[in-house]
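Two complexes come next, and they have one chain in common, chain A, joined by chain B in the first and chain C in the second.
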Partner chain A sequence: MMTNKLKATAGAALLGLGLAGPAAAQDDTFKVGVITFLSGQAAESFGVPAWNGGKLLIEMMNEGGKLPAPYDTKGFGGMNIEFVVVDEAGGATKQVQEFRNLVQREEVDAVVGYVSSGDCLAVPPVADELKAFTILYDCGTPRVFEDNSFEYVFRTAAHATMDNVSLARYLKSRDFDVPSYAGLNQDYAFGQDSWADFTGAMEQIYPDAEVKTALFPKFGAGQYGTEISALLRERPALVHSSNWGGDLQGFLIQGTARGLHERSQIVLAAGDHVIPQLGNKMPDGIFLGARGVNGLAAHARGGELKELTDTMWDAYEAEYGVFPVQAPFRMWQALFGLKTAVEKAMADNGGTKPTDEELAAAMKGLTWDAPSGRIEMALADGHQAIQPNAIGTTKWNEAEGKMELVDVEYFSARCVNPPVGIKATEWLAQGFPGAECE
Partner chain B sequence: MDLLATILVDGLIYAGWLFIVSVGLTLVFGVLNILNIAHGSLYAIGAYASASLVGAYFAAGGNAFPFGSYIALILAAVLVAIVLGPLLERGLLRYFYGRDEVLNVLVTYAVFLILEDVMKLIWGVNPYFVYEPYTLLGNVEIGPLFYVGYDFAVIAAAIIVGLAVWLTLNRTRMGKVVLAVIHDAEISQTMGVNVPRIYLGAFMAGAFLAALGGALTAPMISVTPGLGPNVIIVAFAVVIIGGLGSVPGAAIGALMVGISRAASVHLVPEAELFIIYFVMAIVLMFRPEGLFAKTQARKI
Partner chain C sequence: MRMSVYLSAIIAFVALAAGSIILPDWAMFLFAMALAKGLVCLGIIGMMRGGVVSFGQGLYYCIGAYTATLIANHLGVSDIFLLTLLSAAVCLVVGLVFGPLLSNYRGIFFAMLSLALSMVLYGSLSKMSFIGGTDGLNIGAPTFLGWAPEGRPLQTALYLYVVAIVVISGTLMRIYFDSERGLITLATRDNELRVEYLGASVRNLMTYNYVFGALLGGIGGTIAVLALGHVDPEFAFWTTSGEFVFVAILAGYLSVPAVFVAAIILELVRSFSNLYFPNTWQLALGIFLLVVIVALPNGLGSLVSKRKENKT
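Our next item is the complex of A and B:
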């Protein structure tokens, strides 16, 4: 089954390439260049499920009438959506070249891509140089717009600070006692930043909590026996981890076998995506987030977006035999945002295919709804999104044979994201000034 | 349990795993004089093969006798050695014997890259799990800590592997023949030794040990693409510390790396990676050929 899925993805990618061809895009088509991990360690966790979700949504949009309003119109403003898919593996230098190829040779109308923070930092200057409308759909580093500004680049997902602010707020709202805590995070930018955000938030919310130890095993370590011994010896009240993919699965398999979850509360900043693989091997009682109201938290939310969420959820489950986790949700919010921006630009320009400049003007400060909630391009002069977040607790449903998220708490976007004009680290250090929590 | 004992136990567990992976690398170098970068890929393929085989075992009703999954683990490593050993050694490496060592490194690096993609073609990018063997042996309580019984089984496997390799080389007729080939392949051939067969056997043994390392690791991790590169780097550190081609050197190197890494995680976690290569640098400062390698005649 897994191999078939890979084949389906690869086939779709080749089909997309074949359909696109070298010719210039027509006015009745809108060509999207998609860049995400189709190989490498991030493929299984993020790249492949994201593109599975993206491909599905594009098919539904092209058919028209498959989605609830306002997304029930065909394609983007009536234009058929074509796509070219590029593997993000290979590093930032390669991705800059791939980006130039997409823009200059494939002549895409928009680029949607990048899981890696390194790629998200490398590509925007080139996008502005080429004046190519670009959406960063997944990466987490706050630095993209905190250290720079770009005219043609937008990020439709919140940066990663909210993941850990939400965790700390969740602990407080549940009156969880935290005399001490420890961390085990991957030794690269995301892991280091995540731990810094978590400790920054905890210093404000639990100022007396003591940090027992901060462990940073190398990315892809696989073996965590020694680290788990250290955590068991230190006996912190909770253990924080932003590990993902195989590293998170390995840590949970080895940690739970040794009773780590019984000795310390485990909190995972981005842990929802391993639930389909681990099933009941994921212990009950883990506090986890999904980098947005994504996956199980979105499905459990209900409310005004229930119809849209259920439509995408059911379609994804029917197509791939597994429920969607965080990555497809972020791809969906990017594509829904792109559709909204294209149609807004077309409404402003008399109905012709928008230029990159018109698209950028339409996207700036835009607000739209997605299965993950209301997305607002509120930061970085309208180029950086904020979105709500959710944290829940794992609980295995024996009767139905599936993992559920219970005691889910939803945080408004302005409660867990910094406001305009302040960097994330400063916002944490100053005690969340301007936070609007319900 | 005091800190020292914790460090020792953690270090031994890590060293046991590391030795199984490294001893195959040093064996292949000792006999064939090839630094096999594809060793990491063979490790990863062993992990995938065992995940598939153990999964198939339980799917076929193995729950009635779950301990049979351990046989499936070992069988997976045997299969990898039988299939890939001859394919790589007879099909490719033999054409490069006697050539520049750097060329051999490049050839095995190419094999490593090819096998990484072959694994994706066969197993895809999604993870494979085989938890069952990991928890079958229960937990062992040492002081205030719980360890998984499986970890100690890996230490036992490392001891068995080490003894088997050493005894085979030093206490059997076959071992003496292998040592003769190591000292001088041409003279051995003139004395009637089937050198190509010795090379093939040694490479298959190395492939088996790499795959066994992966097979034994599979139950405690999710088997995903990218396993190989992480393993081969630390395995190189071990065999360089111990001396390329030396089995006792691989054991001592694995112990040094395992225990120093465990000490670092418990005492100075920031230096976890640094300490491995620091130990290697210190050893090389005083023994550039490694702790157990002889500068003239190589012996394993």
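Our next item is the complex of A and C:
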């Protein structure tokens, strides 16, 4: 009997705590729930820089007039932007719970988040169930919208297929001879998918190239002695890696110490984000991408978007003392997209704060400009973005003491992303039907 | 004795079921998840009473979840009762295979072997890209004997379903704990050799406890995946199993309801620390765990049984 009494008391106390809840967001503020890695392996590489960038941009938007047109209006359509930030660490189970808490307890107006592909697969069904407008800002797996369709979920970054297609196209356009190649990728879905995409693209572009070896060290291994020995022994002309974070730093430092980069050309699908940490330990002559025209490639691009890019670049560098790599760019394109969608919905509904339905309708098929280029919600019935990509070659600038990206090649979004109505793997297998390259 | 157990069960059911009316949406989901995880922990409690702790209960949690997902996706079964039964059956079979093997081991050896088994599953699932690899799989919302609710009714139905299962398994486990076999389990904890000399088979006992743990783990995993809508190999990862062990330690082996209270408290603490301390939530959680272990070395259940002793 006492047990029940105890339970009742505990339950009542906890319930009181929970039911007190927050006051619902008001009409002159727009509350964004942000989920990104604040701890764990992906925090330093993606989560923290992304949110640093996001926080900075929200502050600039709230002040108003800090950004070039069309982003010079205050907040989102005049509304002040508030945010709640939640750590993405802890697995998909925890993220589904936190997502429900954000929507039902914190009553956020939109959710922007998710770096991990597992979370990006787990959250959308819940978002649709709760009819909660949600932007996936970073994760790579094409499966999100290829296996399912969702009403309230949008991904404002291109999926990961373009990273490796661009690498293969870059090799070709530079007439790089590839008699053989090998791969070293982390042993989890992103690493396995990247290798599959790269080999798929290479089979089309370099049908005669021989695959020497495909290595999949454990995620977070950090030590690559055996793998590097195998790569040195096999002597492939090219070594592909989609490693990121500490795993990529470890591989590069250990590999260059043993001369791997002199024997084989190293190509990295997402390698730009370790440049600030490695500095001149990053060897010259590495071909790398940034999962979009992000970081150094965006800074070097110039063109119409130069003013917007430079504004964000300088603000970020001034605030954090380091240049922005790929993750903040993806957060920015999500927030610029959200701003555009909110303002479009407000223009349609007469200037009141948009509902989730109105937001989803405005976001569908939207096109907007971000520092990473023109983002088009072109795939999955207007729910999946495509964006341009760039690959460049690393070169240490001794005089200025910083890493530069030279021989950068820019690929238009429709050149490296599959068109509507075809799955990414099939698009690769069929030899890129419908690709529009300049 | 029996009567008071049934009476407690009925009161517990009414009290928990009332939650379906008074709890806000987010809390109902959190409670449902906590209760599902509590089921897994109840299985650990059964083993803890015999002096062994499984660090690999994620094995059954994961098998249950994957079985339900694969059956739902490939055979089109969405009925929650059928899915629970099938997952429980698979876990029963797996438990019967490993139970006799593990029942020979005690202490750290039992813990490490059970951990190893769950990590083998984790490693294998991570490699199987045809079922999603580390990204996992989605499962649609369950139906209840042909009824397919959505929104709040779905959450309410799921919640009531898990409450019913929790009360039934809690009652059955209480009856088992108080039975001859259950009491011998407790005696094993004190002196295994003496129990053997008295003529009972400790190995047999341990197998029973392990198989019950497997069944409860599978049922917990099935309900969790149906509530979440997504499963990934993380279900079998050692941190997941560690969390179950933590709840079991938090609850102690003395009381059955304490397990579910402990599970709910852990979920609430985690959820709120995550919101209020996004950068240091692990630290907040760790401090909470430390305080509980220092203040209540025998778990939450010891609060209740202490009072019982005072009463008599």
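Here are some notes:
One rule holds for everything that comes next: the second predicted complex is superposed on the first by the 417 of 438 C-alpha atoms of A that agree within 3 Å, B and C clash if a C-alpha of one lies under 4 Å from a C-alpha of the other, contacts with A are read in each partner's own complex, and residues count from 1 in each chain.
Here is the rule we use: a contact is a pair of C-beta atoms (placed from the backbone, for glycine too) under 8 Å apart; a residue touches a chain by one contact, two chains touch by 3 or more.
Computed from a predicted model, the values in this text were never measured in an experiment.
Shared-chain residue A:T141: touches chain C; no touch with chain B.
In the superposition on chain A, A:N397 makes contact with neither chain B nor chain C.
By the touch criterion defined above, A:G220 lies against chain B but remains apart from chain C after alignment on the C-alpha atoms of chain A.
Applying the stated contact rule after C-alpha superposition, one finds that A:D187 touches each of chain B and chain C. Comparing chain C and chain B on the residues of chain A they touch gives the larger count to C. Of the two partner chains placed by the overlay, only chain C lies in contact with A:A122; chain B stays clear of it.
When the shared chain is aligned, chain B and chain C each come close enough to touch A:S39. Touch criterion not met for A:Q430: it reaches neither chain B nor chain C.
In the superposed model, A:T93 lies in contact with chain C only, and not with chain B.
With both structures placed on the common chain, the touch criterion links A:N280 to neither chain B nor chain C. Touched by chain B in one complex and by chain C in the other are residues 2-3, 6, 38-39, 187 of chain A. By the touch rule above, chain C contacts chain A in their complex via residues 4, 8, 11-12, 15, 19, 22-27, 29-30, 33, 126-127, 129, 132-138, 140-141, 150-151, 154, 224, 228-230, 232, 234-235, 237, 239-240, 255-258, 260-261, 264-265, 267-268, 270-272, 274-275, 278-279, 281-282, 303-304, 307-308.
Residue ranges of chain A in contact with chain C, taken from their complex: 1-4, 6-8, 10-11, 14-15, 17-19, 21, 38-39, 84-87, 89, 91-94, 96-98, 100-101, 103-106, 117-118, 121-122, 125-126, 129, 141, 143, 147-148, 187-189, 192-193, 219.
Those residues of chain A that touch chain B in the complex are listed here as 2-3, 5-6, 38-41, 43-44, 48, 187, 213-218, 220-223, 225-227, 229-230, 232-233, 245-246, 249-250, 253-254, 257-259, 277-278, 281. Looking at the complex, you find that chain B touches chain A at residues 3, 6, 9-11, 13-14, 17, 120, 122-127, 129, 131, 134-135, 139, 144-148, 151, 217, 220-227, 229-230, 261-262, 265-266, 269-270, 272-273.
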